[in-house]
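See the structures that follow.
Two complexes, one shared chain (subunit A), two partners (subunit B, subunit C).
Here is the complex of A and B:
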């Protein structure tokens, strides 16, 4: 790193409660109230924001240029400085942060949208795999996650009961989150009795299919304090991708998450992951949580509170799951987490991912103070 | 811009209707290998990869950057995927500029591609909009009314479109990488079928397979490179809403604001005098006249007159699209990056047979969506 980093904070976050199907609204209509709420939280209008980034995917929208619809509800008149990424909105937030590092902008709106109920996610997500060797096998994210799970269980001796316990902990947390899709607690015993989705993953260990819209507001020091009474500062962030080919990587370890965490911690001056109070992981299965804990250097159980929101097992909306991890950390550190607040939370780690079996990983270190030390 | 940024390597594929002998990864790699070779670098010198392409429906692979992560050399590096419709190749390169300008990365590889032969572009580019009858007419059907509005406003005579198409082919004949290089006459154009009045077959961009890549670097890294770099003097991406009453699709405000932002950064007051050549996004002939106005090269209503006087031809005052442009080569996702890359080659003095004599300042431009997304840069031979 050659430059001294500019301090940037999250100053607003809004989302719709995640539902299986928002029946009467298009993706853009779902996004509009969320953009308005995020701006209202900051007490500003769209003209006060310098930049905008959207995250969505055409294939899930079932048409080309689905993101063009978002321009109108983001208030793109007069015309705005803009970028759209075909990625989870958390990666859009990373790009906005990078752009703030250039000094060209001070504030940014970052939105995520995706309407999974308009398509068949299992079939659509199969098309993420390479078209020559892997996609024709018909693998969907549940089957690839099951391959990963069985390899991980074989390496570590993790049992069905261990997975059930993690899922039960998520369900208990999700019951306290009004924005979660699954809000009924379930015990480890109950979850262990759910049928196999794809062995060794049971239906009770998998996320629901759901949709929402999200909006984050980011601001650099100087602006951030005026937009939010308790800005949540970004101390470190990094993202890494690895090869997709399932047979060419160790599915039981996440080299990209490990490296992203190492770099983000270094930037933040964070000695160890267990020094934070809250961790939000975009783990789509209990096995992915264990893989990420290992990659980040967290203990297999205990340590900081992991996924107080209930995590992806209680709500996993495409293109927003990562943004919600960031949003939840913001809510926890800004005193906006209501009944699920982690008492005295001052530092957090948020994680986002893309692709099958944790192919790409983004790690954030956040804190209540502008500088940690 | 906080930190000086330069283009240190440029690569593109040969373009054709069907590059059946290479996979998607092979096509992308062909451009990347040339860009790295050009920069005298290897994959291990690259800190991050920024990839762009147009709708995933064109190839039938969702978020193909995931499966291409290995082929683009991104393993254990940051990778982002940009998609801003037709402007994507340009906004992708600009996102790479942001990476370097942030101070966090020294050398960033940016790549854009489209392998249109894998799918059906007419289908993939015919969006079904809510509460709007499907047009099922592709991009030409969408843009023809904008062109008719331009003609109605300016009284431009009908031969302007064909003149632009003929000039583009004459230029492409000098570009070894171009897809369509056969010279043609005004008569050829006039005799070709009318597809979307007033756009005839020979006034329409082809469907191409192709890719383009560049290495974007910090000043320190650029000074260590083997060649004279192209310096990024200004760059911006703007977008505007679709359904705004009074929005002007013929002379979009986003395009004007974007151009102004870029000229301001580059210290350009009079683009007609200060820019030596421009690569602008012209998928249908008439857009060349329209964008000359939108980009501030002339007053409103004067764009077609520049064409009529031949002042935008190769060797004239302001050569437009000396590479032949989108009318001769159109791998959609890469088309915008090709504009920016060709502008860079011009100021590096390395555009080969289509080099504009003494080009020191060049504009690269792309647009997309319903003339809503604009991305451009001005590059120069001097820091």
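Here is the complex of A and C:
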């Protein structure tokens, strides 16, 4: 990377505690206080922000152009520059970062919203598969994750007990996160006794269905320092996508996460993943955590603290799970992580994913300092 | 296994999707819908501009300020701000053609709501025409938008353009 990249930082992050179903608020009503809070963290009004990006999915909303409802609560008047992605808001943050590289904007709001409880995620996410051969089989993300888990366990010798231990670690961490949906710790022994969801995945190894709203604020150098006393700088970022056909790729490895990580580390000047203090992975199962650890070059256990938030096993709101990884890394590095703070954390990796079995992966490298020597 | 290619090419694959949804109305809309059952139309007042938005919303889309959670009642009468005459059938709707679909700004509301205009000939409808709601009879209202059957002319003098041009 020879071209000089613009330094961009995360300067604010707000979310609602993740719940199974908010009976009192529509998605836009959940989003409004979150946008207000993120702006309040930065001490600015909406007019001070140049750009806005939203991540949501009409299929989950159950209405065409469902995302436009969010415009009404994002301070979109006078007319703003706006972008919507049918993706997790973390990918929206990447677009905002790219726009900042062009020099056209200095600040951006990035929101994630959607009420997972209003539709049926298994039916909706089945539609991500091809409509001829795979979707008609009724595959949902749990069954495809189970296919992936079987193959991975066969390749690596990973056992049911190993998965239980990873899930237990997430549950223990999630108990310290007031925004997590599942906040009761559970031992590996307990989790191993939970029934199969789809063998070899047990109910205790899977995320709860939940919903929230999230808002990140990004700002370029010059603005960032004025919006946040401890901006968290983006040192590297990259995303890669793989083939849609499940049979056409090795589900036990994530080539796209590996490549995205390599490129993001290269951009950041990060020699290895083990050089960071915190990693937040959008791993929907313990097997995905192991696949991502391998792809990023992390050891199977130990190394930097992985998912001190509890990760997706404790809260997995569609369209915001990746944004929360980014937000959690921001909280860790900006000294806002409360009881789950990793002491002295200076560098972090945030990961987000889309599609079945880690089809598309986005990797961020973040740090407390604007430049690394 | 037969290697015979099909005589007729496969032109399409039919797949049927079933995607059920279980919507949350939200406390603001729920209050609004319940009030319709009592022939009351509620709006929310922007805490910054004082403008009243109907149906009520949590924040003003225009000012970005929160609305007062204490909802305000609006009269079930107002002015036709704009309208169109529908001559084609709409799926799920069995109204006699042609009919008038209009935007009606209730008195005191900053924005208009969608409504049918009946009890007059379509060609009589005009911008500025004063109208009032005609409700479903007592006992038949369910707390839905359909509790207002339509709006009809009141016979009052037309409202001047300047009084509603900002409330289309």
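Simple rule for what comes next: the second predicted complex is superposed on the first by the 371 of 373 C-alpha atoms of A that agree within 3 Å, B and C clash if a C-alpha of one lies under 4 Å from a C-alpha of the other, contacts with A are read in each partner's own complex, and residues count from 1 in each chain.
Simple rule for what comes next: a residue touches a chain if its C-beta (ideal position, glycine included) is under 8 Å from a C-beta of that chain, and two chains touch if they have at least 3 such contacts.
Values in this document were obtained by computation on a predicted structure and should not be read as measured data.
Within the superposed three-chain arrangement, the count of touched residues of subunit A is higher for B, of the candidates subunit B and subunit C. In the superposed model, A:58 lies in contact with subunit B only, and not with subunit C. Using the contact criterion defined above for the overlaid structures, shared-chain residue A:160 touches neither subunit B nor subunit C, since it reaches no partner. Of the two partner chains, subunit B is the only one touched by A:125; subunit C is not.
Touch criterion met: A:46 reaches subunit C, while subunit B stays clear of it. When both complexes are overlaid on chain A, the residue A:115 reaches subunit C alone and has no touch with subunit B.
When the shared chain is aligned, no partner comes close enough to touch A:190: not subunit B, not subunit C. In the superposition on chain A, contact of A:71 is made with both subunit B and subunit C. Within the superposed three-chain model, A:26 lies in touch with subunit B and with subunit C [touch as defined at top]. Touch criterion met: A:259 reaches subunit B, while subunit C stays clear of it. In the superposition on chain A, the residues of subunit A contacted by subunit B and by subunit C overlap at 26, 59, 71-72, 75-77, 124, 127, 131-132, 135.
Touching subunit B in their complex are the following residues of subunit A: 1-3, 26, 57-60, 63-65, 67-69, 71-72, 75-87, 91, 95, 98-99, 101-104, 124-125, 127-132, 134-135, 238-245, 248, 255-256, 259, 354-356, 359-360.
Within the complex formed with subunit C, the subunit A residues making contact are 21-26, 28-29, 32, 36, 46, 59, 62, 71-77, 115, 117-120, 123-124, 127, 131-132, 135-136. Against subunit A, in their complex, subunit B makes its touches with residues 1-3, 23-24, 54-57, 59-63, 65-67, 69-70, 74-85, 91, 95, 98-99, 101-104, 106, 124-125, 127-130, 218, 236-244, 247, 252-254, 257-258, 261, 369-370, 372-373.
Taken in their complex, subunit C has these residues touching subunit A: 13, 15, 17-29, 57-59, 61-64, 66.
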